[in-house]
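First chain written, first letter: the chains are A, B, C and D, and each begins at residue 1.
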Amino acid sequence: MFSLTREPIDTARISRSLQQPEDGALVVFEGIVRNHARDKAVRYLEYEAYESMALKKLEEVGTTARSRFDIRDIAIVHRLGHMEIGEASTVIVVASAHRGAAFEACRFAIDTIKEIVPIWKKEFYTDGEVWIEGAR
Amino acid sequence: MFSLTREPIDTARISRSLQQPEDGALVVFEGIVRNHARDKAVRYLEYEAYESMALKKLEEVGTTARSRFDIRDIAIVHRLGHMEIGEASTVIVVASAHRGAAFEACRFAIDTIKEIVPIWKKEFYTDGEVWIEGAR
Amino acid sequence: MSIRVLFFASLADAAGTRERTVEAAGITDVISVFDRCTADAPALESYRTSVLLALNSEFARPSSPVRDGDEVAFFPPVSGG
Amino acid sequence: MSIRVLFFASLADAAGTRERTVEAAGITDVISVFDRCTADAPALESYRTSVLLALNSEFARPSSPVRDGDEVAFFPPVSGG
């Protein structure tokens, strides 16, 4: 399950809908809006996406994770729009019989999202706002 | 937060109570009762612990994780008693500013729990039951 | 020849728009679309070395050929997750 | 000299009990507690090479000294998580 949403992400619901009786491990990553970045206090964030391509790339990340690691399934949800401190921008859930592959696939997924999925973050401070660019 | 419980574990509640505004990443591990093991169909499990020592060792795992990895905090809950297929026996939540340390600390915690925390699993099959011993 | 062009994040600020159409002779590849947009919005020029290029929702190269009806997108290195 | 002894998992099955008290002269270290229990429950003998030893809720060695009032536990390699 790969999706973009403008609503708060319900991690528990994603986990429960992914999980099957043969799974022995779930590894979950939540990327969270934090209250500081680059030594500045962050008030809130906005995420923008090239939506058609972002969805395609999320699916590509998931498909690659499934083929490269011994996992059963993976779900990735990325939120867009306005987000407050403490809210999750990204949730990845990996279900697997064993834990090692689940940790590796989850780490691979978030690392790859941050490289290839066309989504951008704008940080809003008390004294201005800045588009954040990833490392190329 | 380190605890043993005989009730179902509410992962979302643990995550929300651990999380602080400075956290940018949560990594969660759920160890789950699966429907097969050692090529046999599992009906259900029971976990037994040397409770006073297990609690002490869970705290030791958490303290070591906090000192060894650049994380802010970690919570570990292990369930005891009867568990059905699909229920979580162990939940670990790691909160951190950055994701790398969170993944590493979470992996360290579950690996170390499986080595040093005095808890044992008994698997119940259609034709019998077996105490599972870990690798020494 | 009509190419739909999308700009995202700081590139949209520089272009002064999030979307435009390029209709012109001489447009053969992705970089020629960027050249044409830069002629209209010079602020884009400073992004020439860092811009990421997409053609029909897939990463593209400067020399990737474009055809009538294609969708081209220009954006900075991604920062989602 | 009174030592509280706990057995867990398969060791409890072998001992035929989850808890007992050892009160005897000649008990000086953890392995002598195990020896005494094995005399009463010979099924424990087969666990001698794999048993884990704890003294007052901390891992111990066969030669760890025991004192009156101590709690000793015997159990197999752990399988929680």
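The working rule: a contact is a pair of C-beta atoms (placed from the backbone, for glycine too) under 8 Å apart; a residue touches a chain by one contact, two chains touch by 3 or more.
Just so you know, these numbers come straight off a predicted model, no measurement behind them.
J.: Indicate the lowest number of steps between chain A and chain D, counting one step per move to a touching chain.
T.: 2
J.: Using mean CA coordinates as chain centres, what's the chain B-chain C distance in Å?
T.: 49
J.: Roughly how far is chain A from chain C, going centre to centre by Cα mean, in whole Å?
T.: Computed value for the inter-centroid distance: 26 Å.
J.: Using mean CA coordinates as chain centres, what's the chain C-chain D distance in Å?
T.: One centre to the other, that is 74 Å.
J.: Mind pulling the chain B residues that touch 2 or more other chains?
T.: Only 31, 110 qualify.
J.: Which positions in chain D are in touch with at least two other chains?
T.: There are none in chain D.
J.: By the touch definition up top, name every chain pair that qualifies.
T.: A-B, A-C, B-D
J.: Touching residues of chain B toward chain A in the complex: what are they?
T.: Contact set of chain B toward chain A: 11-12, 15, 19, 21-36, 85-86, 97, 99, 103, 106-107, 110.
J.: Show me the residue ranges of chain A that touch chain C in the complex, using the header's touch definition.
T.: On the chain A side, the touching residues are 31, 47-50, 52-54, 56, 78, 89-90, 110, 113-122, 131-136.
J.: Which bits of chain D are touching chain B when the two form their complex?
T.: 6, 8-10, 13, 50, 52, 54, 57-59, 73, 75-81
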